[in-house]
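The following pair of complexes shares a single chain, chain A, combined with chain B in the former and chain C in the latter.
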Partner chain A sequence: MNQTYSIAGVSAVVLATVLVGALGLRISRTTSDFYVASRSVPPRLNAFAVSGEYLSAASFLGVAGLVLAQGSDMLWFPIGYTAGFLVLLAFVAAPLRRSGAYTLPDFAEARLESRAVRRIASILVVGVGWLYLLPQLRGAGLTIRLLTGAPGWLGGLVVAAVVTVAVAAGGMRSITFVQAFQYWLKLTALLVPAVFLLLAWRSDHTPAPVWDERPVFQRSTQVRLDGPLTLTVEEPVRITVTGTVDGRARHGGPLTLDAGTHRIGAGTVLRFPSGARVPLPGTGGAGTAPSSGTNPLSAGREQHGLYTTYGLILATFLGTMGLPHVVVRFYTNPDGRAARRTTLVVLGLLGAFYLLIPLYGVLGRLYAPDLLLTGDTDAAVLVLPQRLIGGVGGDLLGALVAGGACAAFLSTVSGLTMSVAGVLAQDVLPTLGIRHFRLATLPAIAVPTAANAVVSDLPVADAVGLAFAVSASSFCPLLVLGIWWRGLTPPGAVAGLLLGGGSALTAVTVTIAGGAGSGWLHTLLAWPALWSVPVGFAAMVLISLATRDRVPASAAATMARLHLPEALTGHPGPATP
Partner chain B sequence: MTALGTVVLALAGLALFALGAALGHAGARRQQENPAGPGTPVERATFHTLHTASLAAPPLRAGLTPDTARKAAKRLRPLLGTVALALTDEESVLAWDGVGDHHREEAEAQLAQAVRAGRTQTFALSCGNDTCPVRWGVVAPLGVDGRVPGTLAAFGDAESAVMVRAAEEVARWVSVQLELVDLDRARSGVIEAEIRALRAQISPHFVYNSLASIASFVRTDPERARELLLEFADFTRYSFRRGGDFTTLAEELRSIEQYLELARARFGRRLEVTLRIAPEVLPVTLPFLCLQPLVENALKHGLEESADRGRITIIAEDEGTEARVVIEDDGVGMDPQRLRDILRGRGGPSAGIGLSNVDMRLRQVYGDDHGLVIETGVGAGTKITVRVPKFRPGIRPAPLPAG
Partner chain C sequence: MGAEPGPRREVVTARPRTERGGLPLPRPANPPGTGPAAPADDTAVTALMRRQMRAALTATALLVASLGLLPVLLRLLPLAGAGPSVPLAVWLVLGVAPYPALLCTGAWYVRRAERNEGDVTAR
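So, the complex of A and B:
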């Protein structure tokens, strides 16, 4: 990959983001422009912004990587990411906007009139935000490592620094325009290269990918292994090696690998011929760290496929409504009707985006199967233009994709950082005072950055799934029951948040720390939604029924306000002359 | 970093967190349970009683409802040392703390007399259950301003003069707390009335000036005059509307637009307005007519008191959980001391009440750290900053008038 083009592409995206952020305010100099300047955000623009903020590194890089590695089962990820908005549209969008809440803790307080529920909701928002930030920073690290060769944690640190400076300096003033711009940038960065990739694939006589066995190298491919690795070869293959194989040093000579396992030393460069089957990577022998080729979550997925798939579906369908950066964007809508329209447009925009992603996964399976050896499957989207097209054209398209990836993690990281910082400043660190919103961006992003440096490999899309699981087990019960059931009581909400959200949070923390080994226990902890969502709902309903006398006095009035159109309850909607 | 190292690190972090939380909790508890430290047993008992009473006070200050009664009864029962204690309204038991809940109805039968007579009543209770310790009760009425809004009932296993006396004393203490509730209500009522009175004060000068400038267009530019009259009508409809103390920033800006349009009719090209509005903050709820007086102030200092051109800048920005609105003019400014006097309401009749009124209302609604921030000096222009939280429980924009 040509670094100069890609770095230029990434820099251009950062620069454009800052410029749009700083200059995108609606400025008017005469009173006759007043109307334009003070017009609220139309649903379509807000939908662009929601989509821009929502399409993260997990969507841009992670899903294609998972499809490359594990095939079409992984299409549940994009389906779930999109369908979450369908649930949001049907059950939550308009009433949430009518509640007047800016954040989820605000909603908890508005509906239940309890400071205790608010505090617990705040802690969970911060937890979900940090969990979601972690894979974004990993995606950033991965992209910057591929572009410059810098270690992964450094990339995360750079992005964290850029976002902190931008937020703290007030460079994200016109966040709606920035995020809307990012959506179109991301779509372009996938769409344009996809056209060229498809043309290149056609001129290559449209080979079909192999799903039920190990893929083959379409072309002669050179692979550089950074760490030690054992390879399981199924049929003898003649390769060229520079480095150590089975303990013997080689210097560029040809070598036939027999069927069986082989130990490859760190820093070895292998060249596989066209048509060779990709060997199965294993651990690098006794005493060394697990190779990046196997990751903790996919192991569980292979063992208990049905369970994990349903876990994923439940988490993504129900988790979207509890993502802090999505919720705050709905405040920008002038009324509940606009909130619903925004969600509808978002569904279309996300659908368009996610149609392109599996394409990259399939082409990656064909043309970049070596990523299975190095474990960098998340990089599939980034390397494909170079692999298929090459030359200056490939470099330029690669730069475009790199810029899109950069937009993906910049927009999500800045949105998440701002919403986590808001909650931190308001609820968790009240001693800082409400004026210190900008100060709170520091802990908001420092914690996930530190965790990113410590925690070892976790595929980007998997880690996002964990954040969805926590959100689905805590905020989904709170929002759905809070909006649709007048019997919800503060003690019930506290119990549901603590039991559902708390257990899911504990499970994913153990998973990220790598504490559960393997087997059923690991699977249950890594895909908690299937048990933690029912736990959350059951706790909320049962405890609410047991504390029926604690239903807030104004529950009926609040419910009326949530469900009646603004024109009836008198909330000012669009001006009616 | 190996997986083992990560686990150890995570566990160590968790342990540290738990330790800190436990220490903090224990410290707070110690402080709470032992408010006085050492002392004679009598002193300790006194402190304990006062402390318990102080814990019961906050719920009662919200009035007598089932929820507050439950919280208060939990605190009051240790004070009396009875097996059961109930707080009631005029007819029914609001909260029963302690054993013998099945005597609820029997006790309710005794309420009417105590409420009507306004005197303490004692009565015996019959119970089929031999182990039930609730055999006898005392109902002490709560007197607030000559009314009896409820009673305090205490129950024991035998008649006791000490308990009657203690129940009366506690009932008197509860009555005082409830009287304070009435006082709070009266005070907020006064403030509300004050806000209502202050709210609709559009400066009469403005009405006069607007009509005069519209009149000047009637012959030369009738179309313009008609437009201005419509703006004037819209502006007054918004400003004179009844009901609802809150509006949205978008609505407020719309009214300012009309105001400035009318002002331009008078000042023409001398008035320059720059707006920088972040659309994210337009749905923010804020007190009704809290920006218009600030613009009026800027206009007054930026233009009326000097012959040159004047520029007014209005900026609304997103600041996380808050919106920041800045209104700036490059006019003659003001002596900070005089400004301080105006904000304290000692500015004299010429000062107008716009600024101090807005400042007071903002502090009232959002707390003292959300008052106006004014930067000014003689000849240095004026910059007024308002910070409004995006969400506050109970604050909602009011309906638009129909039509």
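So, the complex of A and C:
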């Protein structure tokens, strides 16, 4: 990979981000500006910003990587990421805006008049935010490692530093412009290379990829291993090696790898001939599906495919509405109608983006199967331009894609840091204004950065799925029941948040820590939504029914405010188109 | 991007917060007689909520009927089985078709919800 071009691309994105952010800073003056851009963002601009914030490293890098490794089933990730906004539109968007609250804890307290619910919601917001930040920083580290060779944790640290400065300096107002800008940047960064990749694929006589079997090298491919690795070779293959294989040093000579497992030393360069099967990491025998054993989540998925697919669908469909960085953007709409229109535009923008993703996955399977060998499947999108096009053109397109990936994690990390810091500043540190908000950005991002250095390897898109599961089991019941059911009581909400969100959070933590081994128990813990969402809803409804006398006195008035158009209640500003 | 249209920006110098919660309430713009707590409004609110709920549930039902059944269908249909080559139809069904469908469902819902609200406002 040509580093000069890519570094130039990434630097350009960082520079543009700071510039657009500085532009916003000049008009960002008050606390209200800081949190919600004074609620004057028109629907289309807000939709760009929501999409720009939402399309994370998981969407830009992760999904294509999963498709490369595991095929068309993984397309449920982008479908879920988009469909979540339809559910949000139908049940939450306008009433949430009309509630007039700033954050999810604000909503909880306003609707239920309970400090306890607020506190629990705050803790869950921070938990979901940190869970979601973790894979973003991992994606950042991966991208920067591929571009510069710097170790992964350093890349995460650099991104964390840039975001801390940007968020602490500008707040939401400037972030609105930055996010809107970055949606278009990300779309361009995938669209333009996609056109050239398709042309290159056509001139290569449009080979079709093969799934479910071990992939083959379409072209002669050179692979450089950063760390030591154990490979399983299915059939003897003749390669050239510089480095150590099975403990013996080789210096560029040819070598036949027999069937069986081989230990490859760090820094070894292997060159495979075209048509050779890709050896896979780990010691799995014949019949082991690709990439199982390289990450903790895919093993369960292959054993219990339908369960995990529905677990993913439920988590993403219902989890989107509770993602703190998405929700906070809805308060920036002028009114409920605008909130709905914003969401509708978001549905279109996300669809346009995700149409491109399968293409990268399929081409990655054809032209970058060595990523299965090294386990860096998340890098598929980044390496494709050089693989297929090469030369200066490939380098330039590679720089564009690298810039887009950089925009992806910068925008999501800044949005998440913003909302986590907002909750920390309001509910953990004393509320004294902007000064404390700035202080709160530090723990908001330092914790996931530290965790990123410790936690074992998780594919980016999978880890994001875990955050969705927690959000779907806690905030989805709170929002849906809070908006549509007068009978919700504070004890009911507390029970639902604790049982639904708490159990999902525990399951996810056990999974990330690698404590569940394999088999059904592991699958249940790694894809908790199918059981934890019903638990959350059931707990909220049953405990609310049992404590019927605790229904807040203002429930009827709150319901009127949530559902009546602003023209009738006279609440937030005039409805201008 | 510089000067954006839309309503006037409101300046709030501290986090608006009352004793009972984080609500920026009440606003002076509340015209007399149309306060949300007026008991006569309650039936109107309930009726509106019911209609909005029906629209939301219809949209969700469409979502479940189309996308929700897809994993089972793909599992049952032989063409999508675990064969080494995934047919183009599967890629189109999973990679392309959902997005226009989601957008259309969303557009239908927004129209319906705004009409429901329009009926209430006109009354």
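Going forward, the second predicted complex is superposed on the first by the 535 of 577 C-alpha atoms of A that agree within 3 Å, B and C clash if a C-alpha of one lies under 4 Å from a C-alpha of the other, contacts with A are read in each partner's own complex, and residues count from 1 in each chain.
One rule holds in what follows: a contact is a pair of C-beta atoms (placed from the backbone, for glycine too) under 8 Å apart; a residue touches a chain by one contact, two chains touch by 3 or more.
The model shown is predicted, which means the values in this text are computed figures rather than measured ones.
> Can you tell me whether chain B or chain C touches more residues on chain A?
Of the two chains, more chain A residues are contacted by C.
> For A:426, select first, second, both or neither according to whether it touches chain B, chain C, the two together, or no partner.
both
> Check the residue A:11 against both partner chains and state whether it touches chain B (first), chain C (second), both, or neither.
neither
> Quick one: is A:418 in contact with chain B, with chain C, with both, or with neither? Answer first, second, both or neither.
Only chain B; A:418 stays clear of chain C.
> Is A:513 in contact with chain B, with chain C, with both, or with neither (first, second, both, neither)?
A:513 contacts chain B only, not chain C.
> When the two structures are overlaid on chain A, which partner does A:110 contact: first (chain B), second (chain C), both, or neither?
The answer is both, since A:110 touches chain B and chain C.
> Figure out whether A:90 sits in contact with chain B (first) or chain C (second), or with both, or with neither.
The second partner, chain C, only.
> Is A:332 in contact with chain B, with chain C, with both, or with neither (first, second, both, neither)?
A:332: touches chain B, not chain C.
> Return first, second, both or neither, reflecting whether A:557 touches chain B, chain C, both chains, or no partner chain.
Only chain C; A:557 stays clear of chain B.
> With the two structures laid over each other on chain A, which partner does A:102 touch: chain B (first), chain C (second), both, or neither?
both
> Take the contacts of chain A with chain B and those with chain C, and give the residues found in both.
Looking at chain A, the two contact sets intersect at 30-31, 33, 35, 38-41, 100-103, 106, 109-110, 113, 334, 426, 433, 561, 569-572, 576.
> Can you name the residues of chain A that touch chain C in the complex?
Residues in contact with chain C: 30-33, 35, 38-42, 45, 71-72, 75-76, 79, 82-83, 85-87, 89-91, 94, 99-103, 105-106, 109-110, 113, 118, 177, 180, 208, 210-213, 305-306, 309-310, 313, 317, 334, 337, 340-341, 343-344, 347-348, 350-352, 354-355, 357-358, 362, 426, 431, 433, 484, 556-557, 559-561, 563-565, 567-574, 576.
> Name, in rising order, each residue of chain B that touches chain A in their complex.
Residues 1-3, 6-7, 9-10, 65-67, 70, 244, 247-248, 250-251, 253-254, 257, 260-261, 264, 272-280, 282-283, 285, 317-322, 369, 389-391, 393, 395-400.
> Please give the residue numbers of chain C that touch chain A in the complex, ascending.
On the chain C side, the touching residues are 1, 4-17, 20-25, 27, 29-31, 34-37, 41-42, 45, 48-49, 52-53, 55-56, 59-60, 63, 67-68, 71-72, 75, 82-86, 90-91, 94-96, 98-100, 102-103, 105-107, 109-110, 113-114, 117, 120-121.
> Would you tell me which residues of chain A are touching chain B in their complex?
25-31, 33-35, 37-41, 100-103, 106, 109-110, 113, 170, 173-176, 289-290, 331-334, 418, 421-422, 425-426, 433-435, 437-438, 454-456, 509, 513-515, 549-550, 553, 561, 569-572, 575-576
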